[in-house]
Amino acid sequence: MIFLKNDYSKGAHESILKALERTNDEYNDGYGVDVHCERAAEIIRNEFACPGADVHFMPGGTVTNVTTLASFLRPHQAVVAPETGHICVHETGGVEATGHKIIHVASADGKIRPEDIEYQIRFHEDEHYVQPKAVYISDATETGRIYTKDELKALKETCEKHDMYLYMDGARLAVALTAEKNDLAKEDIAGLTDAFYIGGTKNGILFGEALVLVNDGFKDDFRFILKQKCGMMAKGWLMGVQFCQLFTDDLYWELGARANRTARMLEKGIREKGYTFCQDSDTNLLFPMFPDEMIPKLREKVMFEDWPYSKDGYSAIRLVTSFATEPEEVEGFLKMI
Amino acid sequence: MIFLKNDYSKGAHESILKALERTNDEYNDGYGVDVHCERAAEIIRNEFACPGADVHFMPGGTVTNVTTLASFLRPHQAVVAPETGHICVHETGGVEATGHKIIHVASADGKIRPEDIEYQIRFHEDEHYVQPKAVYISDATETGRIYTKDELKALKETCEKHDMYLYMDGARLAVALTAEKNDLAKEDIAGLTDAFYIGGTKNGILFGEALVLVNDGFKDDFRFILKQKCGMMAKGWLMGVQFCQLFTDDLYWELGARANRTARMLEKGIREKGYTFCQDSDTNLLFPMFPDEMIPKLREKVMFEDWPYSKDGYSAIRLVTSFATEPEEVEGFLKMI
Amino acid sequence: MIFLKNDYSKGAHESILKALERTNDEYNDGYGVDVHCERAAEIIRNEFACPGADVHFMPGGTVTNVTTLASFLRPHQAVVAPETGHICVHETGGVEATGHKIIHVASADGKIRPEDIEYQIRFHEDEHYVQPKAVYISDATETGRIYTKDELKALKETCEKHDMYLYMDGARLAVALTAEKNDLAKEDIAGLTDAFYIGGTKNGILFGEALVLVNDGFKDDFRFILKQKCGMMAKGWLMGVQFCQLFTDDLYWELGARANRTARMLEKGIREKGYTFCQDSDTNLLFPMFPDEMIPKLREKVMFEDWPYSKDGYSAIRLVTSFATEPEEVEGFLKMI
Amino acid sequence: MIFLKNDYSKGAHESILKALERTNDEYNDGYGVDVHCERAAEIIRNEFACPGADVHFMPGGTVTNVTTLASFLRPHQAVVAPETGHICVHETGGVEATGHKIIHVASADGKIRPEDIEYQIRFHEDEHYVQPKAVYISDATETGRIYTKDELKALKETCEKHDMYLYMDGARLAVALTAEKNDLAKEDIAGLTDAFYIGGTKNGILFGEALVLVNDGFKDDFRFILKQKCGMMAKGWLMGVQFCQLFTDDLYWELGARANRTARMLEKGIREKGYTFCQDSDTNLLFPMFPDEMIPKLREKVMFEDWPYSKDGYSAIRLVTSFATEPEEVEGFLKMI
């Protein structure tokens, strides 16, 4: 089988496993207060040019989103998010379960714009409404798109104007920042957000996301909320070890670039065969449209997901490449269409 | 000033105050377990033809909605509601504060349709999504529209097909059931919902809504949740007394009909003067459009609310009549336009 | 029947009802933003010597406690309370339902002491524990006791030392401040708490508690949380009207003093008959012990509650006087023992 | 340094790491729906003789406790737990954050008894109280004690009598079931609980607990709540792989027995030197008392935790052995005292 279903279905890059082996017999303090997490945090602060930021490691994206937003919001406050955002659809109401409304904003490409925020500020006019207080974005988005530096700056300015926080879900930050069209430097992000996370699970490690908490107002209490919302692992150093390795020799960026390379190969090949895409992508998620009768045949030899869009006898599917996708898999796929 | 701003800004019908006086020196058991609440519940069970239902009295609509839905839903379950629904916009996230997502459905008239429910069922496909389990409707809606009996039946059937609960917010049930176009009998409602409430606050009493809990599955525990969610009043009999009076000599229906009568006078008069409405209304909420320059002048002598719709130099306002609106007020208004 | 069961089972003082009648035909703005609430707030600020405080009216004690504490606490923070406190036992977990732990402190008299707080601060040592951030007290307590001014000062100092908030439940503030042994002036309270509420429901009105919010940090957002937690009434002015009346001609204090007078009559009479009390009381709640065989006979003619304490053939009961208790009822009771 | 601080500070048994390596290049379906989790579940069902149970894997104990109890309880329901229970003190209010009160029961040995449950049932008498609906126990307890089979049977019977659920936290189940004094068979547990978890993190794997969900009533929805409460890992198969290995050749039991063996060595050695213990232990947690002046010296060469108990110039410390504790470490420690 050719695997183009998602970017979290293979273990870790081999160097990551080796790092875990190397440190397996050490005694380390529990709950993320250990030398590996400390070193990983320092590496990340350097890499992302944010010497004053706090860094916290959590085992997955949902718990990172839920914990960070729970930390940011008072009871009556809400987060504004594009309707395709992970927190809107794929976290089984995790944010609402902490008591906060998510204000869904329609978005074709998964991005949110300053005018969307402005509209929500006007609409939520008094204390009978929830108070929009944070904005959730993802880079890359769940539909494979990225933010330009100017777009991110404009969002941050809008948030500041209304005393709102900007939070970036970076589950796929590696493919975003290594995308061809990207003009956002890794050093820019901390200055343009109140918090963001660096996704590890979808970019070559066994598990782990690194939350970079920039806003000083939430630092003191964060570990309390981290523990309460179940994001604190007993053997937290496992994430420290993995992230240290991930940022050794630019592995993180190389793995992201690798996923983008196979995605571009795939995209180019599909276009050359005359097929189109139901939406553009800048990164490792592709949404090609194939004749309805072709899709069951693909399914026999390729693992992928359906995508809810059809037109004129064609239907969209979702193809995803990852750090582990081999060029041979792409070639194999292209031969089938 | 002419008051056309809302239907909850005057005290109570005089007979209601008299009933409170009459019973003021009695000793009554607290927390809604008293002879007046018992009698009011019995009257309501008769009036709405639901001998097996439980009836609970709460001081307002928000607490009634929040408590009932919190009772119906398990942690991962959500309620589907038209985006104009009171729970979506005007309760400061009360439902979300109990941990549940509200799935907003676009709706021009404030009503929800079977296909809206079907769509949400298909969209929320697995455990990564919240599970749609209840449907919230209001009759009349927040935009003044009512459900036909067939519409309500179709909703109930759709809910049953998907093992979902149907809950009706009846803050304005009196105007709904006494509307000219209404074909829904009061005796129909219990059979077509899992719970509904009979609004008192907006129809002539000081405070109080009567929740009619039809679904047997939630009866045993309801008073626990009622207490926890702050809907249980120490002197609960005050609501029993008011509801007994409200259903004496059909006062409830007469007050609703009265609000509808002044609304129809107002609507007819506005149309006769050549103005239009930005949306239709079946009940006591009207949304006429007036020239932009006229509105500030109206505001000098009339209390009303703006409505967020403008076109071609005309803007919409919201006019509301109530049991306490005098025909003279309507005439006074019509003279001004 | 002689009624000595509780202090919330009769309607309102007659002047209160008259005030409601007088204002019944007015149009008032909804949701507590009206001239009566404004005037009542001003009266209360004068009466309690806190010109900068905000005053909010809510229909009951549970919603007042839940809303205020939800406003004060971040997700990981807890409130310390005596185990007999209303929030610990009689609110069906209302506080926990907003996500916060209550740290129960053992207490024979319903009071909490500085050393209790100090102990909890030491015990909750790091981020694996909740963080004690508020202290809940009631004056009078649920067992009829009051705080001296020195006791309250010591609590406030302890709270300040640990950056904690002090919140006083004043459901029975009227009997506390008019108790014989009381040395706490009404003008002292705002300076010694972050918030307290002035109980109306148990002292002569139909419903209503007045929260006095002293701490500036929570003022801006309070009405959002008030709405979300269901404490905002549509016809909020009904509480403004009642509180204006309650603080006219010192009625509030007179009604509290009246409950205390009949309580002292009752206490003296019981002692003179040779019976003892299982715990002392400063106010309107009494806990006499009577022979086990006498209690069923009392029950035939007196309404009261059992109290879970027995010894040597004697059992405790709870007797409660209120503003509405007549001296004749006390005499009648004393004749029976 | 000699490490006797806890049982979760070393990586994994070497065979566990090897199993992760072996499977690292496979593609596996995400979120715990994969062949390894399926096989691990089957192994566990056989091992614990519960063919009808569901098994879910979660990365830590806190998330397992929070998720399971959130699944079991309706909004007004509470869990009864010994005051030393992990959910009471060391989860930063995780259970309360889902809206539920924990009713703390005083307990010297960390165990709960039928009479404790009976008392709470009587105390929580009506809808003004939370409703005790589940009982939380841990085996071994946080103070190293174990339940006998008769004790567990009696608890289960009491729970059934009151229609309550019994949940066992098995973070240290391996040391409990391999303790010298243990008479509870692994095959007994499913029949005597509604759910229990098999702790992996504290017994030789990198991370992972296996929840065995016995009660049919909560099976259908569990994965929704698992996702919402952040217990579902993207690469869930990592836990399946580890648990398959852990139950190969009885490794799980051997590792537990190993921790017990070094604990008994340590206990015997300490007694032989004439020291006593502030409380008894059946498993791998020991609470010896040493002269106050000795403790700082120990700290120079041994990692351990203080324990809050002192008497007559002696203070208690907590010593913990694990699967990774070497007999040499024990000997080294004994030489120091």
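For clarity, chains are labelled A, B, C and D in written order, and residue numbers in each chain start from 1.
The rule we apply is simple: a contact is a pair of C-beta atoms (placed from the backbone, for glycine too) under 8 Å apart; a residue touches a chain by one contact, two chains touch by 3 or more.
What you are looking at is a predicted structure, and each value in this text was computed from that prediction instead of being measured.
Enquirer: Which chains does chain A share as contact partners with chain B?
Expert: Of all the chains present, those in contact with both chain A and chain B are C, D.
Enquirer: So which chains count as neighbours of both chain B and chain C?
Expert: Correct list: A, D.
Enquirer: Averaged over CA atoms, how far is the centre of chain C from the centre of chain D? Could you give it in whole Å?
Expert: 42
Enquirer: How many angstrom lie between the centres of chain A and chain D, each centre taken as the mean Cα position?
Expert: 33
Enquirer: Between chain B and chain D, what is the separation of their C-alpha centroids in Å?
Expert: 50
Enquirer: Where in chain C do residues touch two or more of the other chains?
Expert: Chain C, residues with two or more chain partners: 75-76, 91-93, 97-99, 127-128, 130, 224-225, 227-229.
Enquirer: Give the list of chain C residues in touch with chain D in this complex.
Expert: 75-76, 78, 89-93, 96-102, 104, 127-130
Enquirer: Write out the stretch or stretches of chain C touching chain B in their complex.
Expert: Listed in rising order, the residues of chain C that touch chain B are 1, 3, 6, 8-12, 14, 17, 20-21, 23-30, 59-63, 66, 91-94, 97-98, 201-202, 206-207, 224-225, 227-235, 238, 303.
Enquirer: For chain D, which residues count as touching chain B in their complex?
Expert: 31, 70-71, 74-76, 98-99, 127-128, 130-131, 221, 223-229
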